[in-house]
Amino acid sequence: MKAVLNTGEAQALLQASIDGELPDERGRFGPFGGRYVPETLVPAFERLEKGIAEHLHSEDFQKEFRAQLRGWVGRPTALTFAPRLSERWGTEVWLKREDLAHTGAHKINNAIGQALLAKRLGAKRIIAETGAGQHGVASAAACARVGLPCRVYMGAVDIKRQAPNVDRMHRLGAEVIPVETGDKTLRAAIDEAMREWVADPAGTYYLIGSAVGPHPYPYLVRELQLVIGQEARAQIIEYAGGLPDVAFACVGGGSNAIGLFYPLLGDSDVELIGVEAGGIGDGLGENAATLATGTPGVLQGSYSIVLQDEHGNVRETQSISAGLDYSGVGPEHALLQAVGRVTYVGARDDEALQALEELCETEGILTALETAHAYAAAKRWSKDNPGKRVLIGNSGRGDKDMPTLSRLPVRTKYDASA
Amino acid sequence: MKAVLNTGEAQALLQASIDGELPDERGRFGPFGGRYVPETLVPAFERLEKGIAEHLHSEDFQKEFRAQLRGWVGRPTALTFAPRLSERWGTEVWLKREDLAHTGAHKINNAIGQALLAKRLGAKRIIAETGAGQHGVASAAACARVGLPCRVYMGAVDIKRQAPNVDRMHRLGAEVIPVETGDKTLRAAIDEAMREWVADPAGTYYLIGSAVGPHPYPYLVRELQLVIGQEARAQIIEYAGGLPDVAFACVGGGSNAIGLFYPLLGDSDVELIGVEAGGIGDGLGENAATLATGTPGVLQGSYSIVLQDEHGNVRETQSISAGLDYSGVGPEHALLQAVGRVTYVGARDDEALQALEELCETEGILTALETAHAYAAAKRWSKDNPGKRVLIGNSGRGDKDMPTLSRLPVRTKYDASA
Amino acid sequence: MQAHENITAAIAAANKDGRPALIPFITAGYPQPDEFIATLKSIAEIGDVVELGVPFSDPMADGMTIQRSSFVAIQNGVTLTWIFEQLDKAIGSIDAPLVMMSYLNPLLAFGYEKLAKRARETGVCAFIVPDLPYEESEEIRTALDAEGVGLIQLVTPATPDGRLKTLADASRGFLYAVTITGITGGDDGLPADLADYLQRVSAASQLPVCAGFGIRAATDVANVGEHTAGAIVGSALVEVLERGDDPAEFLRGLR
Amino acid sequence: MQAHENITAAIAAANKDGRPALIPFITAGYPQPDEFIATLKSIAEIGDVVELGVPFSDPMADGMTIQRSSFVAIQNGVTLTWIFEQLDKAIGSIDAPLVMMSYLNPLLAFGYEKLAKRARETGVCAFIVPDLPYEESEEIRTALDAEGVGLIQLVTPATPDGRLKTLADASRGFLYAVTITGITGGDDGLPADLADYLQRVSAASQLPVCAGFGIRAATDVANVGEHTAGAIVGSALVEVLERGDDPAEFLRGLR
């Protein structure tokens, strides 16, 4: 399987992407994507694919989905101008406020969409995995809303660092299964959810939490998340009088990023920058900067970029943020990097923490640790691009990160020169 | 000071209320309200009153306030139809989603409004009190947003039961001062904030968190919160095709309730029901059902209904919810009860907890313990009023209540017959 | 003679002796209810006027010392009714006119008319109500007036001149000049520009002016005494009671 | 003769002996890398075909037992390269044709052409790739084909008839009939309607059909043997290795 594209191929694939032609009928975003699943799951995936073809863009489903987004999720979410941050950074900063969506992150757009789909497909129960817990909470809430039982797999490490979300899942009626295998974080949780699904593919709907996994998940999740970018694009034109010069989003699996970026792909003047977890450094296993430092491979059902050793074993990652602490990434991002449309950079733990505090102090918004990575990169970019208009996907709120943050001192006064 | 009204007086006062003529120039809602403050604060109150007269309804201020509500707070908040809850209760239930507002409760409407006002009045710093911590978090966020330092007084008891909010305040740059005096809850925190203000009335703005306190606070807070009712009224007419038959809101100090009720006062077919904390029972000190069981008195600067003994000493209260655990109530509610426009009922701790779980299970919404009281009363009402349209003010989210809730078992299956 | 004129007269008498009037404050029934009258008597022998605090659950204008004393007194069952009953027993045996300091709510609960009557009966010549600004005071003032009992007004360094005049005219017994912006019991001592302020207040007032808040030592009494007719000593005296020391001895040291 | 035909032949030989072929599975290099070849040899004396698991970090189709063995093997440095090197040393001394079970990613990392060549050289006659459905298999299949190495397809009780035919035709060596819906190592035993299913699979296949998943005891082997050409024993054998018991003895008990 090739992963390097010549200029002609790259241009053609970018255009296909902009024209909405990807993934192709084989679930490919150029070379990336596909469906690498156990034979046991093949019928389930065929049902899912058929179900998506039948429902997803039907008027009826879209009406139901839009009604839930408006009436329950609270969409459209606000677009916030950040005057004090803008002054500090020397750019014009706008924030797309997914933290204001029900349950506190963009994850809910996808969760309620898939829960509605599962209901139409006749599922008897829902399983999901979660890293930061946001997708678990979103799934628990969405399942309650549509009336389906929900079981969430979560790595034991993440259970510890995102304790508030575990409690919330319980309250929302979900069963939370601690995953003690593998790296005990998001990747192990996905493996475990897949196993559970293999054991009971007929009645179970697997509600995946990011734009990763076997086809048609990366496509499905993108379609459910692109409301972020559609709204943001219209709002920034309305409020600011034009498109941004650049848009930033953090990238774990890549769902909030693809949701924000996808509707902007055709706006060639808008630079798009995905921000991965730079962890504690550039060394092996010290970060989760998949696109920046990984190589092509098949992980969890999809051909994409993977953090792996030369034997094809997946490498453990490190990040202060559970939601970015993942060795894989959605295949569409692998393509967007390969064709040069999106740049992927890293932000380190300490930069993210500093950005989180700066946003608290200047705008009174406590953002998620995941999201804070996007701010850190946007701040760096602003230094070299004074006066430009910056759009940041504020993917979630930081309440869930309190156990992690409360172990760190609050810096009473932010050092503006830093 | 009289508190009982004859029919003619009651009718006239209700009409004055509907016509927007209250409070009068002395800060009175009929017999209630006024300004009982130390002489040291009189100049500060005169400045505040002048400032409100000058700014609050100026086009300029309203534009700025509305822009913050839309762009930062995330207004309008959604109005959610609750199909599964409706089916259970036999009524048509709609929820006004203040939990989706920035920082997670209606408190932010007031906090950002007053912070903007404080800025215009030249304040150098902000002090605030908080019970559940929602107002503290909202104040911390609003102060960061406008660039003013913030200090929050919070009872030691509340600091324990609303720990997540304490961490959030710290992160948002506020100083949190534990109050060890008095009952160590909201009332003591207000006393302490007042003391602090008396010590430095010139540069300090006291950002009160509910529709209580000396004139002009009850008026100011109402004006900043009535956006809740204005939106809800328009939304329910648009979505449901008409006004509700009844509206419920929980009442601590009464800010979310007055915000929801005020724009509906003139709709005489809409029954209005405020729900206070019934605590563990009807006995003395076992609840915080001020309007239901209190007597007229002056507490914290205002003549209203107070839970007090025959000597005029204020009684300690009991409630599972920090935000309702208060012996006083806003003077406008005292009037609305006296004129018979709003009925005030109680909901006990256990009823509130049960309602919280039922909402989680049926609609995937984890509401605040305060708010849960409104659901409990609405559920009771629904039994006797099948088929009616019910509007509930969903004043905040329950994330902050996790320390309290996690001490209690989750009931895996809700007993629908209960 | 109106009851509140007793106060004015007592202050004038002290001034005639060439010294500022000394007005000690105690929280009624603190620290022990059964010592109340004894303590009051011993204080009234030294003080020219005595201020009695009615304990209240929400003393929002008071610092830690008086708050603490208030809570202890409430816990010990001290109420306004009880205080009047104690004073009944002591009628004729207390050397100084009394002023009662109370937040509004206990007075409201007691009933204004009954209050005025009981005050007159028990030698309480005036009231200080720290959370009652002039604008809200008409109802209680009318009731007290009917019995000749005064309502003492407070002024502060931040009170503008026009308002100062209004308050001075409305006050009865004396005019209470709050020396500092803040609550009772502050440790910061008296402000530097005190003299100007106190002279301004004295100039505006027909009544004697007494200064209170932050007066802890003989030098403070002498200091305010240069510009006013008397000094009120509150938190410092309550601290003496709290420590179990002799209040009379402490007060003698202030004269 | 193509390499994968060795497998078909070995199964046929067992069947000729009047018994189902026995196909033991071990995770290569587990529990101790230095015992790998010795274990393999002893197993190959009893098994008709031996299935070697390549350890992988994300064994998403495997149950706890094989997961654990996989992690231990990785920790002990077992890689595909290492496995081939070990097999190099044992060429000629292993009695049974080998099948390699690997998730796709280690194979992809190794390179398909090199993989096919090394497989042929070391007696690996076919591959089972549990996360590679037929639709994604063309590239690796072409490479393996070039060296005569087979790609064994799996079918499950949920596989519809049309697809069953496609998979049966595409398979080489044997057709793998997964007996249960689920992951390896389930404890629930074999399902009741197994016979129908296995007969349906056998009828669709030109190749011998071997059944795997959930086969733990001699009765299981006999049971599936009534309808298929062979039985694959995985988790149960790995458990034996985990306990430190003798795998050969366990396998003899199954025949």
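When the chains are written out, they are named A, B, C and D in that same order, and each has its own residue count from 1.
To be clear about the criterion, contacts are C-beta pairs under 8 Å (C-beta built on N, C-alpha and C of every residue); 3 or more make two chains touch, one makes a residue touch a chain.
Values in this document were obtained by computation on a predicted structure and should not be read as measured data.
Annotation of chain B and chain D: jointly contacted by A, touch as defined at the top.
Shared contact partners of chain A and chain D are absent. Greatest centre-to-centre distance from chain B is found for D, with centres as Cα means. Here the spacing of chain A and chain C, counted between their Cα centres, is 67 Å.
Chain B and chain C have centres, each the mean of its CA atoms, that are 37 Å apart.
Per-chain Cα centroids separate chain C from chain D by 97 Å. Chain contacts: chain A has no residue touching two or more partner chains. Multi-chain contact residues of chain C (touching two or more other chains): none found. Taken as a graph of touching chains, this assembly forms an open line, each chain in contact only with its neighbours along the path.
Checking each pair of chains for touch leaves A-B, A-D, B-C. Listed in rising order, the residues of chain D touching chain A in the complex are 55-64, 67, 71, 74, 79-81, 103-110, 130-133, 135-136, 139, 153-156, 158-160, 163, 167, 178, 181-183, 186. Across the interface of their complex, chain C is touched by residues 1, 26, 34-40, 42-43, 181-182, 187, 190-191, 194-195, 198-202, 296-301, 306, 308, 310-314 of chain B. Only residues 70-75, 77-81, 84, 97, 100-102, 104, 140-145, 147, 164, 167-168, 170-173, 239, 356-357, 360-366, 398-399, 402, 405-406, 410, 412 of chain A touch chain B when the two sit together in their complex.
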